[in-house]
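Below you'll find a set of structures to go through.
Below are two complexes that have chain A in common, paired first with chain B and then with chain C.
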Partner chain A sequence: MRHRKTLYLFIIPALLVIGVFFVYPIILTFNMSFTRFQGIGKATQVGLKNYDRIFSRDRYLEAAWVTVFYTVIVVTAMNLSGLFFAAILHRLPMIRNFSRAALYTPSMISFVVVAYVWQFLYSPLNGGINVALTKLGLGAFTQNWLGDPNIAIFSVAFTQVWMFTGFTCAIYLAGFAGIPEEIGEAGRLEGASSWQRFRYLELPLLGPAITVAVMLTTIGTLKTFELPYILTKGGPDGATRMLSIEIINNLFGQYKFGFASALSILMLILVLFVAFIQNRVLRDRENTQ
Partner chain B sequence: MGELKLNQVIKRYGATQVVHGVDLEVNDGEFCVFVGPSGCGKSTLLRMIAGLEETTGGTMQIGNRDITHLDPAKRGVAMVFQTYALYPHMTVRENMSFGLKIGGTSKSEIARKVDEAAGILKLDQYMDRKPKALSGGQRQRVAIGRAIVRSPELFLFDEPLSNLDAELRVEMRVEIARLHKRLGATMIYVTHDQVEAMTMADKIVVLRDGRIEQAGKPVDLYEDPDNLFVAGFIGSPRMNFFDAKVTGHRDGGVVVNIARLGISDMPVDIGATVDVGRDVVIGLRPEHFSLDGPTRFELAVDVCENLGGVAYAYSVSPDDDLPVIVELRGRNKPVAGDRLEIGLDPGAALMFDPKTEKRIR
Partner chain C sequence: MNKTLVAAAAILVGIGGSAQAMTDLDVVAWKGNVAQPAGLPELIKRFEEQNPDIKVDLSYVSRKDVDKVVPPRLQSGNPPDVTMVDASLVALWGGAGFLSDLGEDHDWYKKMLPSVKKVMTLDGKVLAYPLEIVGMGNFVNMDLLKKAGIDKAPVTIDELKTACTALADKGISPMIFSGGFSAMLYVGANGINPKGPSPAEFGNGDLKFADDPNYNAALDSVRDLVAAKCFDPKLQAALDPWATAPQAFRSGTVAMLPHGAWNISDFAKVDGLNFEFAPMPSSFSKDGLALDLVGPGWAIPKDAAHAEAARKWIEFFAKPENLNVFLSVENAYSPYSGDATPPPKFSGPYTAARKAGDSILWPFSNEEFPKQLQSEWENSLTGFLLNLDKPNKDTLDRWDESVEDNL
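Showing the complex of A and B:
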């Protein structure tokens, strides 16, 4: 028993780090969300007023909706593209390692650099995409990629998908590597085409990889801030204004520490809720297989 | 017709050749076992027949069809893997029906074939279970069932019993042999276990370094091996080999001196002419020694394995890597440290050329 108790001593450093840098700030934020505080002076207790303001104004619910909508687009596209590339690279061992590294490279670049590069590419007049389209004779397809409220969110989402497809691809490739080779060979001998092997044999066995990839990308995307902040500043007309941008605007734009804290708590609940539901659904799906 | 013909079949991985021009014929309905040490190319050859490995050179035929570069699914072969390769997310029934389903077979036909195979393999009560809820033997039966339902011309088994415990291995060995009899199909079976090979095969193919050393009936390989390798590989315990020198000629053979056993004038029957003074290797199986054998000698016993009905005495010499193994029957078994007075039957001795390793007949 003594031995068992001493084992717990080893997790104290980790608990301290989590406590000081994660749990304590959350508690502070939670407390601050019931106050009005400008960063200096004294915080005034305002009860549930901040939360009342969030739920009584469309602006913040819209921001939550944009966040969820953006997450759905990005997570779906990112996982489908990652799975697509992984399925192809799994069948092409000669170029697998090089391509995996190449696909992963964008996710190693800073968000700020990626955002500025894509801001140039999306630029309506002399941006790379519109110039390329014009030169290819597809001038009719040129767009104001970041200026059109109907397109902007998809443009920002595309940048994020471009950045992190290599990440999901790496997870799915690891999933493929975990499937015994004989399963595919047995399928081949039974006459299953490459697509049938993917659909009926590999995809069901990728369950754990799907769970990990979807969970990680969802949590990461719900917290997205840098890309929309640099590319569109939340515009045009609030089309890309996500909860994270609202929080920063309130915090450092208007010095509403209390209100920004309430929005942060709302965002935390949203992330936890989505992660919890996803975890349950995906794990259940894995267990039934 | 499930007759298989391999003609000068070659496999190369880049510059490395692993199968060197193999010629082989397996008759319709025959149970053929590929046997050999690890890395001898037996599994590679099987996978080439299955189409899972591309054949670099030569041709392969099943019946009259050239299958050398045919898609695996179109060859009319089914394979049972060492690791079973069952689809873990499917039930036993789904595992067995998968190939037929994607092949477009009607539902009633699938049900009939799967139920029939399940009956043969006594899997009826496990049909709705997933592989993880089955024992090793049951999983192997499902893998065999999956092969049966496709009614292939050729069954391929890649070390199918290696993952089972000893008792189950014997049970499954009998079951596969019975299945072969019942289905009358051509089967090719890869194993490194020569007991499996001897007990199951109609034809054994002994492979070494990607070449066929000898192919034939188990008894022929046992009693009449072509070379030192086959003589040493087939039979358990293995054959004893003694360095010897030809000391003279006699009618229908030669006289040899075996220094290791202290025998100076052992007659060996051979048809070939061998010069006096030539070095040869004499092969004698453990059962060719007996307490009343005509050629007498003494042997120090270092270890004696008593299996009840039979015992194996091992005699080690500092000059030889391998011990001399002698089979003994009867009640008076020696113990370690004894000196055994024993004889051998010179009529059973086989002679080999130590340089070419070929048999001198």
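Showing the complex of A and C:
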């Protein structure tokens, strides 16, 4: 019994770090969300006014919707592409290590660098993508990639998927490595095709890898800031304006620390809600399989 | 041996004494780095020669980072001795009592333009020494214009439309018109009537943008520009105004770019780019309308450790021969009357409009319009360019809503 109590002592440093650097700032932010504060000077209590403004203006609800929509696109595409490459590389051991490193490389580049490079590629005035399409005789497919509100969010999402497909691929490859060889062998002896082995043997056994990959990419994407901020600044006309961009604009563009705190609290609730539901669904799925 | 020891001791005492007398002046500014030197390296050298007991320690902090770097120092009582400020920081830091009153007993204060005085003072206290007024107008590639048979930069709406049609007919791209910045300048130049109500009345909600005939006409005028083939609104609406747009003008493929005079130095470096900086074509003037932006200034924080040296720094800039170095590199105008300041290069038409009195102070630079409204202008004008068919009211209501949010 005393031994168990001693063990609890060892988690005190971790609890202190979490308390000081995570819980306390959240409490401060929560308190600040009921104030009008410009980041300097005195804060004035305004009650629920900040929250009232958020819910009475379409733009903030639209920002929340854009955040969720963007997350759905990115998480789906990133996990499908990662799983696709992992399934192929699992079957091609000769090129697996090289390809894994190559796919992973973009995620090691800074967001800022990636965003600026893609901004030039997407540019409607002599941008790389439109020029390439024109030279290939596909001029009809040229687009205003970041300027058309119907396309911009997909263009930004594509950049993020390009960047992090290697990351999800690495997680799924680790999942494939954990599947016993004998199962694949048995499938082959039974005459299962490659697709059937993937669908009925490997995919169910990849449950834990799917849970980890989907959870990590969801939380990371909900917090996305750099790519849309540099590529479009949240534009055109709010088409890629996510909650994170609204928060930064209110904080440092307009010195509305109280209002930005209210937005941050709502974003925290959104992330926690999505993560909780997702975790529950994925764990249930793992257990049933 | 004894003599050597005495000499060494004397040297050490001397060094100690001079080190004690030396003042390190801690200056924070968003100009003065390699990309935007603003003449500060030369001016610092000159200042140190004239004040051998002061060493200037200039820290470059970008404008965006100033919001994060300086407030903690102000609040902890460890501020820089001198910091660069703009109108919004004068209001924010000055309003919270963190800036010193520089006093009215200075020649420079007496010479300061009244419109700038309003920005740099708060509750009767002079909180900043303004450095410059920067022009915003229309960059015109004169060679491309000549190819279309025009030899003068357009300054009226009719001249602009004629130029656009002529350029487009020659296969030359007439104009960059990004929703983020260029459109804002054009709409401002045609919505803010210099002889009409003060922009402050719109900024504090007394008047509504949606009810104002000038702002409605300004949006209609944008549609006219599209009809005159000035630009493709859908293509240019979301163009990055800070990187892609100036780059397009630099490349010499576009004839006009509404932007700020801070680009002059950069464009001047391009071989063969024959350009002029003109006022914005406006329906309110036959000479065009110069959009003056109140630039940054110097302020001394309340708890500055070396306030005396900081005042010397400001007095140094107040001498026209020193301020002119700054203005010349910045291609800016002096915020003081009576100084013999040479006009910025390549800015003949813009300077002429100012001299004719056809200029306004850009209301986003003097706090007449709230800061938040600027991003709403940028976003809503982008949306407007993407769908010119929607009623003006949709766009103008958003501006009024943004003002209301700020009250």
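Throughout what follows, the second predicted complex is superposed on the first by the 289 of 289 C-alpha atoms of A that agree within 3 Å, B and C clash if a C-alpha of one lies under 4 Å from a C-alpha of the other, contacts with A are read in each partner's own complex, and residues count from 1 in each chain.
Here is the rule we use: contacts are C-beta pairs under 8 Å (C-beta built on N, C-alpha and C of every residue); 3 or more make two chains touch, one makes a residue touch a chain.
Source: prediction; values computed, not measured.
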Based on the shared chain A superposition, would you classify chain B and chain C as clashing or fitting together? fit
Would you check which partner chain A:Asp148 touches, where first means chain B only, second means chain C only, and both and neither mean what they say? second
According to the stated criteria, A:Phe252 is in contact with first (chain B), second (chain C), both, or neither; which is it? second
What is the angle, as a multiple of 10 degrees, that the CA centres of chain B and chain C span when seen from the CA centre of chain A? 150
Classify the contacts of A:Ala192 with the two partner chains as first (chain B alone), second (chain C alone), both, or neither. first
Mind working out whether A:Glu182 is in touch with chain B, chain C, both or neither, as first, second, both or neither? first
Touching A:Tyr200, do we find chain B (first), chain C (second), both, or neither? first
In this superposition, which partner touches a larger number of chain A residues, chain B or chain C? C
Could you tell me how near the closest CA atoms of chain B and chain C get once both structures are overlaid on the shared chain, in Å? 51
Residues of chain A defined as touching chain C within the complex: 38-42, 53, 57, 119, 123-125, 144, 146-149, 152, 232-238, 249, 252-256
Counting only contacts in the complex, chain A reaches chain B at residues 180, 182-183, 185-192, 196, 200-201, 204-205, 289
Would you pull the chain C residues touching chain A in the complex into a rising list? 64, 67-68, 71, 74-75, 88, 92-93, 95-98, 179-180, 234-240, 243-244, 248, 370-372, 375, 378-380, 382-383, 386, 401, 405-406
Spell out the part of chain B that touches chain A in their complex, as residue ranges. 50-52, 72-74, 77-79, 81, 83, 85, 87-89, 98-99, 102-103, 146, 150
